[in-house]
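Both of the next two complexes hold chain A, though its partner changes from chain B to chain C.
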Partner chain A sequence: MYDSGKILTGLLIFALLVTFPVWYHLGRATPPPEPDLDTPVIAGLAEKECIESTEYMRAYHMELLKTWRDLAVRSGEKTYVARDGEKYPISLEDTCLKCHSNKSRFCDQCHNYLGVDPNCWNCHVAPEEGNR
Partner chain B sequence: MEMDRRTFLKMGGLGLLGLMAAPVVDVLLKAGRVSGAGTSAAVTAGRWALVVDMKKCLEAGPSCADCILACHRAHNVPQIPDLQEQVRWIWKEPFEHAFPEQEGRAESLAGKPFLVLCNHCTDPPCVRVCPTRATFKRQDGIVMMDYHRCIGCRYCMAACPYGARSFNFRDPRPYVSTTNPAYPTRERGVVEKCNFCEERLAEGLPPACVAACRYGALVFGNLVDPHSQVRQILRARYTICRKPELGTRPNVYYVVG
Partner chain C sequence: MGMGISLALTVALILVAWAGAAAGLQVVLGTVIPYLAGLTFLGGLIWRVVRWARAPVPFRIPTTCGQQKSLPWIRYAAVDNPATTLGVVARVALEVLLFRSLLRNSRFELREGPKLVYFWEKWLWVAGLAFHWSLFVILTRHLRFFTQPVPAFVGWLEGADGFFQVWLSALYLTDVVVLVAVTYLFLRRVLIPQVRYVSLPADYFPLFLIMGIAGSGVLMRYFFRVDVTAVKELALGLVTFRPVLPAGLSALFYVHLFLVSVLLVYFPFSKLVHMAGIFLSPTRNLANTNRERRHINPWNYPVKVHTYEEYEEEFRKHMIAAGIPVERAGPSAQVGIPAEKEGQ
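Entry: the complex of A and B
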């Protein structure tokens, strides 16, 4: 094989570069996200539960929000009936953000960890957060 | 086990039937779930209309901009100084610009500032051209924008004969002086326009411009209802619409006589 030394060195460097993220982070665990529920409104709730069960919200909140978006904008439907029969206004601002008024410590926690970048905030206004 | 050809074909047919039944059952189950999710139909059939009494509006004077300010504040409409990139939902236009076909006919109105906004046409050309159905006509007559779907192609702007649509050439947020947190802003690359205060109507409130007018020059109502105030005005007074020759059938009327 001609130039086997150069080729093998090149291959080695290539392999090292490609696997860089793996060995660079070896032994260094990124702390799991901890969405913060400590807001004044949530603190004042008797039963600390979202409009649906926590498990459902954790897994399907994006689907729920997409459905809400289409219901509110396209069908003009502004009331959501939860599984327990409770009614809520279909509004990111009036329902979600009333309790979760801490976007950076709630939404962003998981979204940053998972590298997802929802475009909600390009238009919807996040509540101002005090520097607590 | 022995099986003759006849039994084999029968079994095969039954099996196929079973496979076909599964998706049908699935659809039926889903249909039940969706219909259970909705409650009252907020959008009821009708035909929202706005009547602008230009006599009262002109009496208020050219400096009055209560309705414009109220609308732009309620909907976070950016105030961009560059004329080319301005965003406006409701504004004033000289008579001969708003009614070009009437130019030279009504001398007393020449040059007078007329309040103009989206006409929420009965046959809206913007809706017809939108490739993503981001703009659509609701059952109650409102021509709505779904900003989530807008791709910024601006076909609707080319189609609208009233210039009622504005494009966000840049991020509008820095140009919104006081943000109303209850209503979203827009982002760069989408088209926006008046929505007849759809969000206020859902709460049973009149549009922001109508509520802000101190002179009672703006009247809002349902044209389908024969007893509505707008119907009564249309019956009693002489009104005109913008560019009726185009057949868009606007739902914004102007009392001029």
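Entry: the complex of A and C
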């Protein structure tokens, strides 16, 4: 092998860069987030169900909020008809945040896990979390 | 023809992943294949580079694009005709980061006259640069799935890349650029007859594969959302060697992951290995010191030579008898001067 010093150094740097995610976590646990559903309003619900299915909400909640923004602000529509036909008022305060009143233990769990910085709170005031 | 094979292969790969996800082969698609692909990629690339490094490069063969270093009062091109390691580093860095040799690309035509006309031809350079840099930014942005906590620079990159907020959320510039650039690179192959003539399945396949990867990624990002928390759980499980298979990941995600795995496996054994090869191109990574110092060929062996003096010594009598002019009339004391060894 010729120029082995230079080439092996290059290969080592490359291998270290490529395996960055491996040695970045060495000796460190990375537990998945656990969004907390334990709020007084949810506890009082007979059927613990969001307005759409859990799978849909996990993947599409941001799209739903966008749709709501368009419906409420642009079309003046104040009622959302869910896929199962159930009707809900389009309101952050009276719908979403009424149940999920624990932003730091619900919203922020996954958002922090994924390094997501949602722009909701650029305009809206984040709800207070006094008594869950 | 080559295009058809490549397209069929790419579609087949997508269908395989789709069918696998539908048939419940998540363990294979989400754990086994990504691990094998990662190993093949790293091992294969090292193998390629070591194999290249074993080939001796006895002579300096840089392509020189400027004045060579000679007399002190003649200004020389330190980067385009480097004589020092620093010059070589600058040259390789500019080549790797800015593709300078593509920038030199020009098109020429024979016009009436006859007159040779040169055209400014930078589209390949522009598209190549946009394509590669977008891929690099996209790859770096994916660190947000592979690291916990996410390093700050990934966030900054996302912020800059997602500067334009369309439909209320970030529209990543690189997502648009990479699709436009890969489409250009593909159309260039198809529409320019000369380029089409020299294009092989191995040229189309990587383009289709990258179209598939970028396309499935864009679909997941903007249209058919996936549960990104589950994606990150899977990704982190892979890199921490505690693989998990979260439920609820769509077939589209497994198609994306499978195509990336195929790309990683294909990488070291195809033209894509130019990523490593660019650092080992003798026409770029050698200083032009051919005249400055002597470079010895490593496979030289001592050559047995018979000098003219020895020859004349041997045949002088016969030469004189035949009337052939000789340099010395009689035997000299210098017989047996050791011949200068070739290449020393």
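We adopt the following convention: the second predicted complex is superposed on the first by the 107 of 132 C-alpha atoms of A that agree within 3 Å, B and C clash if a C-alpha of one lies under 4 Å from a C-alpha of the other, contacts with A are read in each partner's own complex, and residues count from 1 in each chain.
To be clear about the criterion, a contact is a pair of C-beta atoms (placed from the backbone, for glycine too) under 8 Å apart; a residue touches a chain by one contact, two chains touch by 3 or more.
Note that the structure is a prediction, hence the values are computed from the model and not measured.
In the superposed model, A:E93 makes contact with chain B only, not with chain C.
In the superposition on chain A, A:H124 makes contact with chain B only, not with chain C.
Comparing chain B with chain C, the partner in contact with more residues of chain A is C. Of the two partner chains, neither chain B nor chain C is touched by A:A46. Of the two partner chains placed by superposition, chain B and chain C are both touched by A:R69. Using the contact criterion defined above for the overlaid structures, shared-chain residue A:E77 touches chain B, although it does not reach chain C. Legend: residue contacts after superposition of the two complexes on their common chain; A:L17 is shown touching neither chain B nor chain C. Common to the chain B and chain C contact sets on chain A are residues 69, 119.
Residues of chain B that touch chain A in their complex: 36-43, 76, 136, 138, 140, 144, 146-148, 179-187, 198, 202. On the chain C side of its complex with chain A, the touching residues are 41-42, 45-46, 49-50, 53-57, 143-150, 154-155, 158, 165, 167-169, 225-230, 232-233, 236, 239-241, 248, 276, 279-280, 298. Residue ranges on chain A touching chain B, taken from their complex, read 67, 69, 71, 73-81, 87, 93-94, 119, 122-125, 127. Put simply, chain A touches chain C in their complex at residues 1-4, 7, 10-11, 14-15, 18-22, 24-25, 30, 32-33, 55, 58-60, 62-63, 66, 69, 110, 112-115, 117, 119.
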